[in-house]
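Think of it as A, B, C and D in the order they're written, each chain with its own count starting at 1.
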Amino acid sequence: MDWTFLATQATVNGLIVGLLYLLMAVGFTLVFGVMRMVNFAHGEFYMLGAFGAYFLVSGAQLPFMAAVAITFAGALAGGALLEWGVLKPFRRDELNGMIATIGLAMILQNLALMFFGPDPLSMPPVAEGVTRLGKAVVPTARLYVVVFACAVLALLYGFLRFSRPGRALRAVVEDMEIAAIQGIRSRLYYPLGFGLGAGLAAVAGALMAPLFSVSPFVGGAPLLKAFIVVILGGLGSIPGAAVAAMLLGLVESYASLLLAGSTADMLIFAIVMAMLVLRPKGLLGRGEA
Amino acid sequence: MKIPHIVLLSSVLAAGGGAQAQDTLTLGALVTLSGAGAAWGQGMKNAAEIAADQVNKAGGLDVGGRKYQVKVVAYDDKYQANEAVTVANRLVFEDKVKYIIGPVGSAPVLAIQPITEKNRVIVMTLGFTAKALSEDKPYTFRPNVTTAEVSQPQIDWLVRTQGIKKVGALFPNDETGQQIAQDLEAAYKKAGAKLPVKEFFERDRVDFVPLLTRMLARGIDAIELDGNSPATAGMIVKQARELGYAGKIVRTGGPATQEIVNVAGKAATQGMFVHTPIDPELPSTKAYMDLYAARYKHSMNGFSPAFYDGANLLFEAMRRAGTVDDTEKVRAELERISGFEGALGRLGWTGKAMYGIDHQLDAPFYVAEVQDGKEVIRARCTVEGCR
Amino acid sequence: MTTLALAARPGGRVGPLGMAGLVLLAALAALPWFSGAFVQHLAVLVCLNAVMVSGLALVARCGQLSLGHAAFVAIGAYASVLAARHWGLSFLPAMLLGALASALVALLLGWAILRLRGVYFVLVTFAFGELLRLALLDGAALTGGANGIAGIGAAQVFGFAFDTRERFYGLALAAALLSLWMLHALFRRPLGHAMDALADNPALAESTGLNVHRIQLLAFVAGCALAAAAGALQSRYIGYVSPESFNTSVSIGFIIMLVIGGRRSVWGPLVGAMVLTPLPELFRGAVQTQHIFYGAALIVILRFLPDGLASLPRRARQLWSRDAA
Amino acid sequence: MSAPLLQVEGLSRSFGGLAALRGLSFEVREGEIVGLIGPNGAGKTTAFNVISGTLPPTGGRVRFAGHDIAGGPPSKAVARGLVRTFQSATSYPEETVAGNVYRGLLSRILGTVPRGLAGREDGGLPASGVQAEMLRILDLTDLRAWRDAPAGGLAYGLQKRLGIAVALAAHPRMLLLDEPAAGLNHEECNELGRLLRRLRDEEGLTLLLVEHHMALVMALCQRIVVLVQGEKIAQGAPDAVRANPAVIEAYLGAPDYAHA
């Protein structure tokens, strides 16, 4: 067993998967930051994003990037509408809001099941073949997705840091009351925040559709990963999520190298519980205990 | 103030089931219609409906001088043991059903057997677990061959003709995966090869790169896909090829070639050796596939013909027993059927050595090689061996 | 509503409306003995669900929501089955052992996590639920892994075997009524009022001397023990346990029953179980529509009837008295 | 001079780099009313929260009636007889006024948990005892008229008084009052003064008052502790404190006020 090869390969895998987890989690942590709501329907927006990409690419023969952009726009609008229509009454009610998103998740998944059927669909891969990074072997398709993912994250960073609505959103994430005093109308930023969260989940789904299969049930795993990343990183903290996502990707990659598959999963849940108890704020979060 | 739901419910159910002109024989379908096992459950339900339609069009099932219209009642057990128990209760006590097609999963069949065996309800299950068939479970039959039957002959053939030495395999962490892992390890050892790398994973996992990386580093020359749901098997093939794995890929059980090709694509599956219970060229199988394609637009799952034969075997047993009510007699007749010409070819029962009871259907099966996304039969097999 | 205002306590004597309700309930409870086996099967599930959701209600009444409640049902089921199988314990001691094991786990876990509030507590119970399910899957030597444990014998108490459906329904009904009475008794007593107080305003409760952490821990341990007892009963009824029957979607099912039934009334768990256990049978053919209906019903109830269906009689009485006044 | 009931010794508390409290020490003797004053951000509320047990200190000790209560949960301090009120008039909004007072009594009724489960509705206190105690507290704070009104609907002044009533229900020996006069109009403020004096004289309670309302503090307190930037800069009788140049300079500032 060539340990150096394995180690480099595991590191590369870990970083790539870590980035994918970050993309899954960033929308989730934004929604919590803006609305202090744990969005159980996050995984279903990921699933709808995957279907969006599938139909736009395989059905409407659109180029992949266009499909991703359209899927994002659709999910942004859809998410904002859903927040305004369904979740508005629960804006300041964390617990009932969370339960409401459980209901929303059930509706979305089963609507998809009705229209798209249970069988998994497959998208043509974005790219063929394998590229070598030093010793490590990386499927080219994954590299493309990683590049797109970085682009999306950079765009998000730019939006939050430089654009006016972006800064306003960050203010709302920072502190709801103060933001309101400065005249930032929460009526506008709740739908925008939730819509952006849904859009980011859909983009993650669309980007990863060619890597994995597309079916109404793909939402479960990303929601679980987003939970873990956001808890470790600190609810509402995007930099925290970034650090936590990378750590999770690496820990999972190394753990599955050394331990049996399911023991690795158990290890991660144990870490999550320990973190929640010892440091509920998470690595960089400032959510209160 | 509280709506007496139970009263409302029982009145609704009791009202159904009025006697038609002819008598009605109800066939229960306790299958998975949602979640991972939906593809197999759907195939089994459709097989029962096709068999029922054929009999009804021919004027009804002629048993003991009476004609029966066969009705199929299907419920979804969501691939969960508790749900399967509730569905079994509903079929046996509410719909008064004496014959059940299904369930799909191993845990569900183990969960419902206390009810079906005690009430002498004949069950045609797909459940892969060896515990499904035993001497003290006289009313449970299995019309599909499982890893226990097919793996040894196929693996012997593969090791002999393809020179496979070190095999790696990924299994879901559920009852089917654990059962198949044991069967395959024994089969490969007996065939002179080895299954040194076995990895178990959470059932809804999608990213296999870490597990594959570790497996490939162990220098395996073949990957075994048996035990995985069709979509998962497809992703394993796709990601293995993406990691530059050029070795052989085999799937010695669980027909899913069409789904695997859909997910992994033609190039990745080129040269893959797969188990298939059906030889599309066989006239009887082709006839069933045409019937299926005419009635249902989605692709037919490989297990469907086995349950079409299962339903017809049941009807044949009823004709010989001359009764639909006395399942004791129907069971005895069913066990005695041999050399039955079904969609899968010449059928008989086996399993005494393995399970202590001859309730495992011995149907022919084949090893096919995937060429350009299509199965090309390479070897014909029975429990004794493959040529 | 606390009952002990200076005015005479309304709970003391049962009004005419209350009496009619009790008679209706008694008739409904007796009905399964006169109907088909499938209705009896549903009735047993209703009673078992009611006990499990009562456990969850106890935790919710203190202001915390558990998303890992099914894990404690699993501890009860597995502990009692393994105790019976390996140590030859009869049903009652095995069930008590199951409840004790669950209580112990709840004590250790609760002591650490009950400092957390709101969504943090929910997320940690979610993580614990997944962790336990994976442990059950992995511990194949002891728990039978994914194959679970089959052939669990019927419950026997002092030689009387609850092996027929009618008899087991009696046992399940007794368990449901006992848990209903326990909740009713608790929330008329000071300890129950203290729980309500610390749900409404934990800071104020603490500052008037109520040790919020200890009272929540007590409720959490009791609720999980109740769930475990019901889990032991269920394992004896179905005769089979496997990790899949205790996953997160089952915990979500309990929350839905509690929310739709009513979180603030002792009747909530029973009403929730009665409405939502038989409901899937009406949709058994089309599972998707059932889940869509569940999701929609959950949101509508949360929005327009936060205290659930169990609060309907009280609301009706208020409307009636307001019109009459 | 009665023995000190509350002893605060070298109390300090910092949040990250910011030292909110630096080595605060003072005493409160049985039956005394002491005021704790200081400009905004002087650390009054931090001191209040640390003494009442809501916030653990980073240094120093708090002894009440001979027992060390720093860092423990507030309920531990209450068991010893040290009860706090809240600046924002917090209550159980859906409960009636009587219900709020009843919930204040619960910790006494419960005592040890088993008694809380005891068959009798009243647990520790006999049924009549609970009724009587509630009536007494309602009369003391003359809230009896609003007995069955929901607490959430009360006027702000009444809510503040209910806060004190609920604290009294916990049977304190000493009451920590967090800006009780905040938001009260002139008339309500005088009533508050009379109430607090009655609590000391008739009930024998000891009071520690954190307050901005100078007139009330000067009129009511026997001794005053002045806190600035987390440190005690002065302590003593109201007149001495008022004339103390350091206090004037650091806190009162406006010279004309000094002569009022």
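By our rule, a residue touches a chain if its C-beta (ideal position, glycine included) is under 8 Å from a C-beta of that chain, and two chains touch if they have at least 3 such contacts.
On a predicted model such as this, the values are computed, not experimentally measured, just so you know.
Chemist: By label order, what chains touch subunit B and subunit D together?
Modeler: C
Chemist: Quick check: more C-beta contact pairs in A-B or B-C?
Modeler: Higher contact count goes to B-C.
Chemist: Computing the C-alpha centre of each chain, which chain sits at the greatest distance from subunit C?
Modeler: Relative to subunit C, the chain with the farthest C-alpha centre is D.
Chemist: Could you please state the distance in Å, as a whole number, between where the Cα atoms of subunit A are centred and where those of subunit D are centred?
Modeler: A distance of 48 Å separates the two centres.
Chemist: Per the centroid of Cα atoms for each chain, what is the distance between subunit B and subunit C, given in Å?
Modeler: About 37 Å separates the centre of subunit B from that of subunit C.
Chemist: Between subunit A and subunit C, tell me the centre distance in angstrom, where each centre is the average of that chain's C-alpha atoms.
Modeler: Roughly 33 Å, centre to centre.
Chemist: Mark out which residues of subunit B touch at least two other chains, giving numbers and ranges.
Modeler: Counting only residues that touch two or more other chains, subunit B contributes 33-34, 173, 202.
Chemist: Quick one: which residues in subunit A touch 2 or more of the other chains?
Modeler: Each of 113, 262, 265 in subunit A touches at least two other chains.
Chemist: Which residue numbers or ranges of subunit D touch two or more of the other chains?
Modeler: In subunit D, no residue touches two or more other chains.
Chemist: Which chains are in touch, pair by pair?
Modeler: Chains touch in the following pairs: A-B, A-C, B-C, C-D.
Chemist: Per the contact definition, I'd like the list of subunit D residues that touch subunit C in the complex.
Modeler: 52, 54, 73-76, 78-79, 83-86, 90-96, 98-99, 102-104, 106-110, 113, 116-118, 121-123, 130-131, 134-135, 147-148, 166-167, 169-170
Chemist: What residues on subunit B touch subunit C, complex-wise?
Modeler: Within the complex, subunit B contacts subunit C at residues 1-7, 9-10, 12-14, 33-34, 74-76, 78-82, 85-87, 89-90, 92-94, 106-107, 110-111, 113-114, 129, 131, 173-175, 177-179, 202.
Chemist: Could you please specify the touching residues of subunit C with respect to subunit D in the complex?
Modeler: That would be residues 1-2, 4-7, 186, 188-191, 193-194, 197, 200-201, 203-214, 218 of subunit C.
Chemist: Where on subunit C does subunit B make contact in their complex?
Modeler: Touching subunit B from subunit C are residues 21, 24-25, 28, 31-32, 35-39, 41-43, 45-46, 134, 137-138, 140, 145-148, 150-151, 238-240, 242, 244-245, 271, 274-275, 278-282, 284-285, 287-288, 309, 312-313, 316.
Chemist: Once bound in the complex, which stretches of subunit B touch subunit A?
Modeler: Within the complex, subunit B touches subunit A at residues 33-36, 38-39, 42, 173, 199-202, 204-207, 209-211, 213-214, 217-218, 230-231, 234-235, 238-239, 242-244, 259, 262-265, 267, 298.
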